[in-house]
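Shared between the two complexes below is chain A, which has chain B as its partner in the first and chain C in the second.
Moving on, here comes the complex of A and B:
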């Protein structure tokens, strides 16, 4: 079917009519009919799942798809012959900090009646409950992710989003709503912080394509605060499209946005931009009176997301919520939200709050950069490990490409002939901007024992400053040893001190071959891609050889890393001797630590640096929970003095007499001397704030009620 | 007067949830945070299906140091006087704390309504709390503020929180029961 997007707009009618018009205009019924007929012919049944936006935090929120329209769509499907219709979703990140966000309860509170207007019952299903492995390719970002069996098996998969602005992506339409198909609760953590959310959505679409997508833009949520405080605006429109990316493309145009502003949508948009015979039916004029988030807010929110802990702490604080329906789980969040949500979305369309929040976001981002640089240079175990999936299709790598690697690299090893080794046994020289280097160490372990403990195909993962990545074996020998693989590696910025001036993580994707002899094993790798442009070359050979009762490990490499502007400028100014000294020092350290790592691995020790991401659906404890736990652990025995806090909070009334600090057994009252002066208004405000925070944290910790 | 409200949604029919809340508190209560025991000290089942119950709750919250000597462990708890409707659709209740009972008037109603197309229940717990300032006047001046706040916290925070957890725990029990009965 050629791509089609239909835009039904009419300010003088209601949503039901608009939906019907959009479905008719887009040829929805005609497009669905063959699929339904096929399912009925094959199985005598046909199932359809509609995934709506359940992101509303109030019953009539424009951030959620109007349940009446969703139910009307279910009736249309039933009329077409579908035998089993359901509304599907999963719990989202907000379920970690709000009550009643379970799919069934949230759907009920947001207005789903479990019965269509025509009186047919339907079910609401939690798509995490039947999630199974195997839906996604083993090399992609969702390799370890399950997917709902019901969603995969549905004859018709439909997404019906709300129409709203969003400070993460500029807009949140059908592709954003599609994320709610994925099973893990903390979607921000698992699909946004850990992974490239654009790749996630693209893989999800590839694994289980959506057959039709709709946008409920009858009453939209616009404004600078996006979903945090969706401001209703009558836009009297329903959009229906044969592909969710097409729906989002046109939906963004209607908002007056460049559709590619959304990192979540961009990858999928590129895939449909050249859809042949695409028909866009209806006006793509911008909605009158529409206000988008400022570009600075979207950009700064992306910066803030880099500081995972801060982002997880701040989101509950910013969200406007109907507390009666969705009370906060943690009193500290409740209290902070009361104080700050309005401030962060202040202004008729949120513009004042957006300006303030942009500054806060940037400050959080800068803090993260400082912390990251400090971690790279001085505290590597504080850094998060990188969770980088493969970014090339392993099936696209030909046998000829693998076979060519050794022949290309081995002659280059000769280029170091005649170069004197330094005191650490390292040789190096420049070659067209790259550094050719090698080094060797004799490890006092027999060859068999060493190679059993250190699988050669994993050697790169044991190298100094390896920060994460993924490898996928593409061929094995008769004994199961890996002979070919594709691997993506991330390393801390090299040299580490470049992190202090814009140095970026080295991100390289390699194809690799291994050969195994009785007394020698070799691994060859060649870089074929650098996602962030951090490397121009990073090729190498590692050899394990039997040498008497020991094992000789030799590493040869050709590396050319891109320097950030600051370091490039410095590099161009320093003398050749100084440059040589820096290279010698850098490779000396690399070899020393890499060989030490290999010895450690041979001894069974873990050499990975950094903190791993958790696989738990609910991710790590929320920052508010960790603070509460810390308060509980560090509060002195006997708790804190609520009375003193209350007095500080309430202050003294006019004419109040001083209160005794103690009444002794004889009835004498003891008073505090006049002491230091009372703090000024700012001091008092800070005291109150700290007291309240401490109290709220104590309540969260269970130590106070 | 301080009003409070708590809404809990669960995936079981309202009658079953109401029965669980009415009859399983002794089992569910001690599993809740800061709850020591829940004992039904009186129960009267009427012929029409209505019931009157008195549950004695003993709780163990961490207390602020300022209340040491004012509130002792045996004062931490309350009697829950409940009047259950015959159709289990509502329960009127009154809380009688062990501490400052004469100063406190706390009562409300819990409603169990059908939701999710009959597949679930929406349970609403709402009440109001009045503290008599005259009764507080019998306390030493330094203790009045903290005592009043402690009671308010105890009733308007701990009780609704515990109620939510009660309903959720009943829901888990119902789920376990459902799985047991549906097992082959």
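Moving on, here comes the complex of A and C:
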């Protein structure tokens, strides 16, 4: 059907009338009728689920869709013949730090009455409760994600968002609200930090398309602070669209924004911008008096999101909340929020707070970059592992492409003939800006045992500095072994020290073939895409070969990585000898650690670097909880009594009032008999320390016998 | 014949159980309710949940047993309160002996430690005639083992139970639920970025041999006697050199002074308190720098005890540790295992397979 967006605006009427006009103008009833008729004809029933914004943290918040309008929409649906209507949502990240964010309680507190104006009952349902696998393709960002059965099976899926600004995305409209269909509670953690949220929303839309989208812009939430402190503004508008991306496109225009400012919406917007015969009915003039978040705030918030721990710590602190309805779960968050939420949204429309918050965000982001660079160079297991869903369609890779890889790569191995190997058995040479290299190691394990433990099609995942990715088998042999696959790999910046000056993660997508012989297995790979432009080439061959009772592992490769500007400038200035020394060191290290990893995999170890993301079933503790735990470790009572801690550490000072060792049932205070003052724990520890050091010095001098 | 092993999931307990199973005994192990049982997976052994401080649980477990191997005292220089460690050693041993007496157990083999024989700042070899003194500056573990031996001997006399003391030296090898200071010799050297050794030395022995030694003492040990179960006496630099050779790591760069060792231990303990991770070295261990924990196992050898060389013991330990969680991924990525380590790993895997295929059969 052609796309349509209808904008109903009238400052002299109420929301109910505006909604009715928007529905009429957009042809909502005409568009829904055939679907309803078809469902009734096929099953004698028709179900509809409306997903509203439940982002409000106060009863009358403009960040939530007005429940009266949602209930009015349900009546319209029932009038059209829908037999089952429901309001659906899931818990969101705020449920981790606020009470009463359960879907049913939140809906109740935000004004849902379980009965439409016409007196029809409806349900509020939690779409996480019937989530099940199988909704998403195996190669995209939501490959392992469940989705509500009710949402998938609904004959009509509708999103009805509020109309508000947002410091994450500039604006939060129907696509942002659609995210609440996904089942995991910590949506920030699972869908924003780990994944590209734009891809997430696009795939969600593709898997379960939304049939109509509406925006409640009767009273909107504007201002620099976005959803943190939505400032009500009467905008007297309802927008209805045949597609949520179209609704968001026009909704953002009405705010005076470039719709593509939102990373969450951009991917979906690009998919609908060329909708044929698109009709935009009504004015797209900007709302009078509307204030958006400053671009610097949106950009700096994106930077802060890169520092997951800081972002998770800061969000509860910044949110304006009606504590009567939604009390904080942890007193520390409550206290910090009372102290800082107003500061971060200060100013009539939040402009003073936005300036300050932008600086804080940038500082957090810079801190994260420093930490990340340090992690790459010196503490790889402190880094978070990366999720990198496949970014090519496996079905689009032809058999001819797979078949051509070996023929293309094998002749290139000859280019290393005559090159002397270094002491570690590594050879390399430059070729058109790339490095051709190979190296081999004889591993003292029988070929069968080694190849059973180390599946050759996974070899790239065992290489040094592999940081994450995903592989999808596209063909197998008769015994189930993978013979073709597509794979996306992330590697830490190469060489690692480039992370100190702008080096980026190497991100390459490859097509791969495997062949299996009785005494030799080989894997060939060819890079077909580098999403971030970090690699110009990364092709290779790995061979496992029986050699007596051992296994010979050989790796050949052709790599050409893009250097960031700083390192490119340095690279252009260094001598050929120095460059050769650096390349020799880099590949020597690569082979030493890759072969060690292959041995370790044969031993049954997991060699993947970094900390895994915590799965939904065992949610990662919020930073405030971790700090509280750390304090408990130092305070046996479990509290944070500073004076008690000081007393315990320093002991009693001279002349201090003695404390009773016991107060009996009659109120008598019992004291220990006086004696020489005892040193506190610090004094005792110092005494032991000095005694031990004297003893150690005697040992060193040979005086201890 | 039936045998009961306390501390069944510990380094010694898990290996004694394997040795008893190899010899065809019916084995029951006592483990705490929250014990990590990964090291016992797949073994045909009956497990009883209990605690050596819980006398009734021991009484039930000891019923019908012919032999008791009491290993359940943690070998640790970190994370255990000294008083609790002594209580486990002394009171736990009394409980085990009481349960053994009540069940007419033929003999109790009690795991003591070679540290009860003391140590010297000179490179001299001690035997079972030597005794450590109750020096308050000794680590809590050493004091606990001294008390355990003394009290257990007296309790056994009063209860009329035959007791033999096994005094293992630094026992390295597989299957312990926790790392422990002995296997820590290997892991801490590999994790040390400075690759330092220190003065003094110790006796390194395979935990397999220590397990076999326990079973030997159950058959042939003289009641009331102590038996050192050790192998080679080596300086720390030699031990670290062997570890480096077997793991493909750099050899020791030199010997750190005792003062430096102590300072590093202080720093490590501080790091451990902040991160919650175990320290690479503790002050209790640093106080032992410069001493020679060298012992003779001639008394056990007279019964037929034949331990393998220290190098082989370390190869087996390295094979097990390299594949497990006690060596970090980053450390493992810098290692190149010696062929002997690979061979040891394959032999270990084959030995484990035989349990699932029915060793006794």
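Going forward, the second predicted complex is superposed on the first by the 633 of 705 C-alpha atoms of A that agree within 3 Å, B and C clash if a C-alpha of one lies under 4 Å from a C-alpha of the other, contacts with A are read in each partner's own complex, and residues count from 1 in each chain.
The rule we apply is simple: a residue touches a chain if its C-beta (ideal position, glycine included) is under 8 Å from a C-beta of that chain, and two chains touch if they have at least 3 such contacts.
Source: prediction; values computed, not measured.
In the superposition on chain A, no contact is made by A:452 with either chain B or chain C.
In the superposition on chain A, contact is made by A:380 with chain C only, not with chain B.
In the superposed model, A:109 makes contact with chain B only, not with chain C.
By the touch criterion defined above, A:595 lies against chain C but remains apart from chain B after alignment on the C-alpha atoms of chain A.
When both complexes are overlaid on chain A, the residue A:609 reaches chain C alone and has no touch with chain B.
Contacts of A:464 after superposition: chain C is touched, whereas chain B is not reached. Looking at chain A, you'll find residues 699, 704-705 touch chain B in one structure and chain C in the other. Considering their complex, residues 121-122, 137, 199, 257-259, 261-262, 266, 273, 276, 283, 286-287, 289-290, 322-324, 328-330, 332-337, 339, 342-343, 345-346 of chain C touch chain A.
Interface of chain A with chain C (complex): residues 380-381, 443-445, 449, 464, 592-593, 595-597, 599-600, 603-609, 633, 689, 692-693, 695-697, 699-700, 704-705. Interface residues of chain A facing chain B in the complex, by the touch rule stated above, are 99-100, 102, 104-105, 107-109, 112-115, 121, 124, 324-325, 327, 331, 638-647, 650, 659-660, 699, 702-705. The touching residues of chain B, when paired with chain A in their complex, are 5-11, 33-34, 61-67, 115-120, 122, 141-143, 145-146, 149-150, 153-154, 157-158, 161, 164.
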